[in-house]
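Order of writing sets the chain letters: A, B, C and D. Residues in each chain are counted from 1.
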Amino acid sequence: MQIGIIGLGKMGFNLALNLKRNGYEVIANDVNADFVSKIGHEGIQTADSISELCQKLTDRKVIWLMVPAGKIVDSVITDLLPFLQKNDIVIDGGNSNYKDSKRRYSQLKELGFDFLDCGTSGGTSGALDGACTMIGGDAAVFEYVAQVFKNISVENGCLYTGESGSGHFTKMVHNGIEYGMMQSIAEGFEVFEHSEYDIDFEKTAKLFNHGSVVRGWLMELTQSAFSKDPKLGSIKGIMHSSGEGKWTLETALDLGVPTPVIAMSIMMRYRSQMQDTFSGKVVAALRNEFGGHAVEKND
Amino acid sequence: MQIGIIGLGKMGFNLALNLKRNGYEVIANDVNADFVSKIGHEGIQTADSISELCQKLTDRKVIWLMVPAGKIVDSVITDLLPFLQKNDIVIDGGNSNYKDSKRRYSQLKELGFDFLDCGTSGGTSGALDGACTMIGGDAAVFEYVAQVFKNISVENGCLYTGESGSGHFTKMVHNGIEYGMMQSIAEGFEVFEHSEYDIDFEKTAKLFNHGSVVRGWLMELTQSAFSKDPKLGSIKGIMHSSGEGKWTLETALDLGVPTPVIAMSIMMRYRSQMQDTFSGKVVAALRNEFGGHAVEKND
Amino acid sequence: MQIGIIGLGKMGFNLALNLKRNGYEVIANDVNADFVSKIGHEGIQTADSISELCQKLTDRKVIWLMVPAGKIVDSVITDLLPFLQKNDIVIDGGNSNYKDSKRRYSQLKELGFDFLDCGTSGGTSGALDGACTMIGGDAAVFEYVAQVFKNISVENGCLYTGESGSGHFTKMVHNGIEYGMMQSIAEGFEVFEHSEYDIDFEKTAKLFNHGSVVRGWLMELTQSAFSKDPKLGSIKGIMHSSGEGKWTLETALDLGVPTPVIAMSIMMRYRSQMQDTFSGKVVAALRNEFGGHAVEKND
Amino acid sequence: MQIGIIGLGKMGFNLALNLKRNGYEVIANDVNADFVSKIGHEGIQTADSISELCQKLTDRKVIWLMVPAGKIVDSVITDLLPFLQKNDIVIDGGNSNYKDSKRRYSQLKELGFDFLDCGTSGGTSGALDGACTMIGGDAAVFEYVAQVFKNISVENGCLYTGESGSGHFTKMVHNGIEYGMMQSIAEGFEVFEHSEYDIDFEKTAKLFNHGSVVRGWLMELTQSAFSKDPKLGSIKGIMHSSGEGKWTLETALDLGVPTPVIAMSIMMRYRSQMQDTFSGKVVAALRNEFGGHAVEKND
């Protein structure tokens, strides 16, 4: 089977290799010519443009998008439209908002095309060696490509989650959980770091991965990180985020579901991106106003 | 009536003036000779030592402590003991932990002395012009000095709260509420500060003090702070704390009461005292581990 | 000056009386005929329909909407459109989302009509006796009706906040602050309620209103509530919300501003609307899975 | 080697079997005669009293306590004292507070006895088949029994964490992390439960355990729980706790470390134990006071 893949970043590149290793004929494209050239050296067919990619795909086309969420997905789909034929299948394997996926599904459906939203977990190593995929869309369309998802995923690591949007929805909530878990681990190690004991972070993370209740992949990655930099002295504690945590919180707010831990995980990320806060200034100023408590002055 | 006052910091100094203005014969002492000298210039009797202070007090002694919470209170009480006579009254007007106050009450009671715990709110201006006082201890002892509390407080600003410890307990919870209210105001103004609109902070705080639901003294102080420094550009957002918020949270934890807002107010204060966080490093490192997301490096 | 008012609920009704008392010729309308009839008995002119209301307004029309936020505002505006003339002024005095207000401003502007968004604080008593108003829109349009806002507001309780949307934006953030302040007070009194002391809630709230740092209108309302029901035994702790707190949080998320206290205030409201939680079941089940800890069974 | 074990609850019972399987001569005791009798049927030597247990242990005694944290540990140690000889080793394998462990270490040390604090993770199944153990105390004492810990733990699941208290400290923080992780998972599944999609909880948890970022033992237990009760309809969402989460938070407060996620995990547990809240009543009453919003009445 032929599969077109558009987007050769960290995830898309590895996914293309994964597909190839599983025997698929991959045709790969990216706006960045360097990425295209690089994957060409891996023995994968390339296309310099979306039109070329589509021309190389025969029969019912299967086109996998692995591009950044947001307007780029819409733009690529717009570029694809002239080349699509009835029942061609567009798979969005990126971290799109599930509401966008529902909209895109409807737009393509109306034109006679098929659309699947595929949440992909497991990081870059998973994309290469066996991902975790959760797929929403029409059941019959999923069935047509089910074997592809099974091949690129670890055993039992592929699930048809239901109607359109449910794949990205499931992935979004997965990431919300992930935010909370990461912050939990991080808070624990910060308590270690400030404690009276001389805790060896790497050894402790390793211990936690052997028989403890909190063992799991994130703790293994914690161990790995400490093995490279025992006190993380080389890096800054600035936590960026790519949106799914925020969407999970926004969805929870719409549904009336309290998610305090996910909310706080996000807030601490935002806070970490600030050097100083206006809210802190306000509180410091108020303490000075009523109690004469000293404020710290900027130079 | 004579009143001895020990501790002439921001609060004690003003309280001494307040007592004098209300016709009391004040004898003032502090470990800092400068403070003693300074209050002497205000026409208040001074004592260079605790023994001198006690010697100047005749009849049933009333000794008001306005010293920092913690071991200093115990130390001053220890110094007082040799000079106390049956039913002399020690009032702790500082921000002591109510558990310490209960303990001190019992210790003094056993020796035949009386003890009142007095929470004092209203800031330094309140201490001078009319405070808000909440007093715990024996009812009969309170009655003996009730007029003193009434005189130094604003009208209706004095309450006998019940048995020993309840005065400081009430003040502790008051401060917990205060932490949450201050953080609420601060978060709101931080949203203003980041918004698409060019909000005038002083005018908005002033508006909020005229007819809005959130009007109150803290909003008046907010207005005052912005009137002096329109964008608080001169100060750092480092929020210190003196302990009552933490005690409120610890008490809530012991009582099994969820107090998320008070908890978060404290956490954000702690966070503001850190330049960078270890928890942030852990999350940043984990994102790098699974997703290859770039970390920001220390120089 | 004539003012048309559409929407005679708790806020609109009182506002109409407020306007009349200030000498304005009010023409009042509501979809509910009972409300119209009721305000007629207060000596206010009524209109049975929007067309009638518009016909009774001569010159440059000033029409004040005081209807529930959301689609009703759009629907009323649509009904108004056939009767508007160039530069007629529509004021939305409800709790609309500022983004909707910006959109409505643009829609009306394009058609030659003027629009002001007016956040109104102070509750139902404020609407009657003196509100707190914050108004966004074109400065020249505000000037035309500035005296109206001044008249219905308490002294200094009226502010032109800037361009379109800023009035509702300022009110939204005001409500976010209000959520946090209310939750702060509520948590404090819950600690009192569970404490070892027999705290008199009404007396304590009254005390806090006399000289303390946390004095303000919300604490006065707390005192008032306890004066009617000393332990609030007659009511359930179910906290509803009308949206501004959620919008504040959503806006903060979009701006990247951490607002943990406002977030937790909302979460606790959501939680209060649930009898039991699915998250609680998951944690209880997990504790049973790993530690054999007993779960409580449903009957 | 002989090992005395006191406390045959869920954890102690399994641990005794684990020790026996590893070739140790176990002498078991519990205040509950049924437990003693039951473990006797497993072919383990029993002792009806602490004195009997001590008499059966020859040479340098190794006595493992697996009793509930708190006063019971002190009481058992007091009962042991008359029978201990120089350098006998008491191991506390329960969930004691690390501060208590430090105190007990000093008390026993002064009397010439040795003490190790051992945090034990892995739940009841781990106690039986391979636990995760973290041990604090004198290094030389640890070395004397290191092989025991290695035998009862999974491979690499045993760590000497340093000076006295560090074993229980590490376990305490482990549990704090666990609280946060569990709440993260729980919040995610509550979002699923309220969503527009018909998410199959068991299948989704299973999927998450195959290749996703959030895979780990807690997610496996989540899968297991849903496999037994697909929507957890039979149980109530009441979340109890045994103290380590609270201690982690209290320690973080003492250290000045913000741990918002751990804090919120605890707060939601407390909240789940309440049918209604006083704080909710206060907020509902306040909304009624200023806005006339209806309150829900108790019958």
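The definition used in the following text is that a contact is a pair of C-beta atoms (placed from the backbone, for glycine too) under 8 Å apart; a residue touches a chain by one contact, two chains touch by 3 or more.
Labels paired with UniProt names: A, B, C, D = Decarboxylating 6-phosphogluconate dehydrogenase.
All values derive from a computational prediction rather than experimental measurement.
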Larger contact count among B-C and A-B belongs to B-C
Which chain's centre, taken as the mean of its Cα atoms, is farthest from the centre of chain B? A
Inter-centroid spacing, chain B versus chain A (mean Cα positions, whole Å): 48
Using mean C-alpha positions as chain centres, tell me how far chain B is from chain C in Å, no decimals. 34
Within chain C, the set of residues that touch 2 or more other chains is 122-123, 183, 185, 187, 190, 194, 213, 217-218, 256-260, 264, 267-268, 271, 277, 279, 290
Overall pattern in which the protein chains touch one another (line/ring/star/complete/other): complete
For the chain B and chain C complex, residues of the former touching the latter: 121-123, 126, 130-132, 134, 136, 153-159, 161-163, 165-166, 169-170, 173-174, 176-181, 183-185, 187-188, 190-192, 194-195, 197-199, 203-204, 206-219, 248, 251-252, 255-262, 264-265, 267-268
Within the complex, chain C is touched by chain A residues 213, 246, 249-250, 253, 256-260, 263-264, 266-268, 270-271, 273-274, 277, 279, 290
Can you check the complex and tell me which residues of chain B touch chain A? 10, 122-125, 182-183, 185-187, 189-190, 193-194, 217-218, 221-222, 224-225, 229, 232-240, 260, 264, 268-269, 271-272, 276-293, 295-298
